[in-house]
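Before we start, here is the structure in question, set down as structure tokens.
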Amino acid sequence: MDLYGRDLITTQEWEKWELEEALDLAARMKRDRFSLEFTHLLEHKTFIMFFYNPSVRTRISFEAAMTELGGHSQFMTPSAGRFKTSKTAGETVEDAAKVMARFAAGIGIRILEDKVPYYGAGTELLREYARWADVPILNMADDRFHPFQGLADVMGWAEWYGEGPGRPNYRALEGKKFVLTWAQGALARSWCSVQEALLIASRFGMHVTLARPDGYDLDPEVIEWTRRNCEENDTTFEVTNDPVAGLDGAHIVYARNWMSPNAYQDGEFKKQEEIEKAMKITGWTLDAEKMARTDNAIFTHPMPVDRGNEVTDEVASGPRSAIYDIAENRLHVQKAVMALTMGNL
Amino acid sequence: MDLYGRDLITTQEWEKWELEEALDLAARMKRDRFSLEFTHLLEHKTFIMFFYNPSVRTRISFEAAMTELGGHSQFMTPSAGRFKTSKTAGETVEDAAKVMARFAAGIGIRILEDKVPYYGAGTELLREYARWADVPILNMADDRFHPFQGLADVMGWAEWYGEGPGRPNYRALEGKKFVLTWAQGALARSWCSVQEALLIASRFGMHVTLARPDGYDLDPEVIEWTRRNCEENDTTFEVTNDPVAGLDGAHIVYARNWMSPNAYQDGEFKKQEEIEKAMKITGWTLDAEKMARTDNAIFTHPMPVDRGNEVTDEVASGPRSAIYDIAENRLHVQKAVMALTMGNL
Amino acid sequence: MDLYGRDLITTQEWEKWELEEALDLAARMKRDRFSLEFTHLLEHKTFIMFFYNPSVRTRISFEAAMTELGGHSQFMTPSAGRFKTSKTAGETVEDAAKVMARFAAGIGIRILEDKVPYYGAGTELLREYARWADVPILNMADDRFHPFQGLADVMGWAEWYGEGPGRPNYRALEGKKFVLTWAQGALARSWCSVQEALLIASRFGMHVTLARPDGYDLDPEVIEWTRRNCEENDTTFEVTNDPVAGLDGAHIVYARNWMSPNAYQDGEFKKQEEIEKAMKITGWTLDAEKMARTDNAIFTHPMPVDRGNEVTDEVASGPRSAIYDIAENRLHVQKAVMALTMGNL
């Protein structure tokens, strides 16, 4: 039983021990980043990165991951419309995936809400690739999930409640209070990072509070999975529309803007309307006053941070901000998962 | 006498033994893909890929080829208009090529019909680069030729009529019947793949039949070369406008859409008119009924396949479809030619 | 005292012995390009290249540099507008730089005049990155400076007045006469290359003459630095509006078009007006007749050359043209500086 050949669409679909195996390897890789133990694991192997949506951080970290493992990541920006559909001539995903699997050891895909006709279509494209490709399909963020962000998050939390960088303690997270709170902003952010955070926080035994204004619910299925994860771990899951009350006694606060469920209408992604609606809501910037209500909580965020809107500089750059450590962890968890799924460890 | 420093514009310009040397190395590389014998052949060397036209398959396979040989391919998308012309200020090809040769071990160029002012101008650009660059110029598909597709094709055919993947038998192709047939479709495909297929099939001793509707002739010079190749090998070359009759007794059937010779008019590439004209022609989809007339022929295609138009799913995904093996061979023949021309083997 | 961790924004900010250390290593690397002594210096390390402006030569040479040092360069084309400004939501340079420094061993930035709101804003962006990133920021050309071109230039001059490729003699340049002359052309070139040339020529002990039509002055601060460099070396610095007289007795002639100081107006870069103004000026093409006035001078240019406008073919391709050797030197000086600043030599 190993992880060779496995896809990673969302952490929710991996067993807890599988996530722990990846996280353990990530910590070892962080402690000794350029060790010969690791730098040849994917030597001369190719990883294909399909960026339907651009990204700086995800691009750099996935490409660096292969470089550090001895292989090479190819950066590609496909147009979503190149495949055969009811309206367009083109290649089937079956043919594309089967050929790519002949060339590459794995395929990463990033496709967010503005590139798909309806919510969930991004994840569906990944599943279609996974169906046909003989090599792992790794989710570099789609419209629903962002598993590598979730892994980087929980690794970072466990480092802050453990013995520091490269020395996470996942047991220490059990029973801690995790608060995910909506935040102001003009960027109509995707759901993928915050949904993955709910899943991974509940998976690792934390009490979970979700605070958001009315009208800013997330994917019902993800909420249901989060509730079930909490039940299985005997922890609580609460939802509130109060931007302050839920913070009492929190150990980890995740403040992030996201779009409302009405962002998709008539097959279109209404970004401008989302921004206008969000800009009318006040009182949801995370600041030092709010943080004072917590149990000396750490601040967590997947970056890029919209400073001044989502969070004040005082909190984002403060002594309890875990954002840079977590950003770095993206590299380590990606290296670990790539080595395990593509490298036959 | 070796291949170091040689350009590859079309297989027709290489001696038969030179093609065989490349194909033999490709088979060895396929049998033992990541052997230390091969992974250091181009270590720390740079190959520049100029994609005037985008491509997924060609890009992945050329970039992976360098990774597997220890080097690195740079992906570039130049605008065709950056050079000095009678109308624009800019750099000469002479200067560009001479400088690149200082940095790189070889240069690949892909430039198709829609990026050039007249048929043949793509090949001419490659020859201009080859004139000035001290390093090999490799044709990653131009408006006339596609040598690596031709090599991948013949390697795949010889594998299917040999002992399977990595064990081609080129003698077994001699005297077999090869049919290239035009096929329906809305994509107005380039001539380069099918022309290279005619050249390589006739070069390796096959009887060749070209079936196409009236008005879909190919490059007269390529046809003449094909005829001459057949003469030299004592095989037949036939041209027909019947979509069915030529298939009788065929061993290899290549069904592919292509544009008509009228695609260029007044210095413009009339893609939309080509598509409309092609869509009116029926009876040219390759299906199981047609394949039943052959001598249990294999189906070959350079991909991407326009399923339902060029060929039915039954044939494309059937037990005699060689398309994925041939697609994979692109990697192996490219590695072999790059190692021979750039690696001083 | 070493160069590890140092930024390179302009050669003027490095001590003379630091420049010499880099140039000495570059010559060793040129003499034995793929020596094991060098090919592992940055093994498995990542260099991020931000090309706000596209470039063929700079891209190829920086990417090849990392390949030859064992690492990998990531090619990125950011939009200048992605950062938080008074008008746009977005990420701060602080956050972006801090995260990138977790992934990469160094960051290169290219940003020219047409991507910034006023002259100097390009250099300022590099300084802002340098302020926050814990890894070296290397200037791949901004609106003011082009340090790697300057290093490649002086290395090439010293090779031509030394013992040839890879055997530069920097002492031989002392007391020689360097002429930078404006040249005709329709490309409204940046100031960065020619300004860096003034700085490096004056730094290495040459007499400097700047010839340009009235109205084509360069950055007053760079002119002042050049004057001071000459004073410190006891050499002369002259400015003239005569396209011919200054060439008398010259040893090195650098002919290049550049835009006027009026290119920026009301926060806009007026390229078309610059081109029209420049096209009215005649008599500034460097030709063999002019070169005959020199002391058998070499011709130097950062390329791409606008042949026929900036210089005649006879001079650009003549026996005293150093342009290809200098272009090649870009690779070697970049490798040397990267190894010294990022590789902990």
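To keep things simple, chains are lettered A, B and C as they appear, and every chain counts its residues starting from 1.
Here, a contact is a pair of C-beta atoms (placed from the backbone, for glycine too) under 8 Å apart; a residue touches a chain by one contact, two chains touch by 3 or more.
Since this is a predicted model, take the numbers as computed values, not measurements.
Peer 1: I need the rotation angle between the copies chain B and chain C from a CA superposition, between 0 and 180°, in steps of 5.
Peer 2: The best-fit rotation has an angle of 120 degrees.
Peer 1: Taking all residue numbers used at the chain A/chain C interface, answer same if over half belong to both copies and different if under half do.
Peer 2: Mostly different residues: under half of the interface numbers shared.
Peer 1: In whole angstrom, how far does the Cα centroid of chain A sit from the Cα centroid of chain C?
Peer 2: That pair's centroid distance is 41 Å.
Peer 1: What residues in chain A touch two or more of the other chains?
Peer 2: Touching at least two other chains: 72, 75.
Peer 1: Under the stated contact criterion, what part of chain B meets chain C in this complex?
Peer 2: 43-46, 48, 71-72, 74-76, 78, 82, 84, 89-92, 95-96, 98-100, 102-104
Peer 1: Would you mind writing out the residues of chain C in touch with chain B in their complex?
Peer 2: 34, 39, 56-57, 59-61, 63-64, 67-68, 70, 72, 75, 185-187, 303-307, 309, 323-324, 327-328, 331
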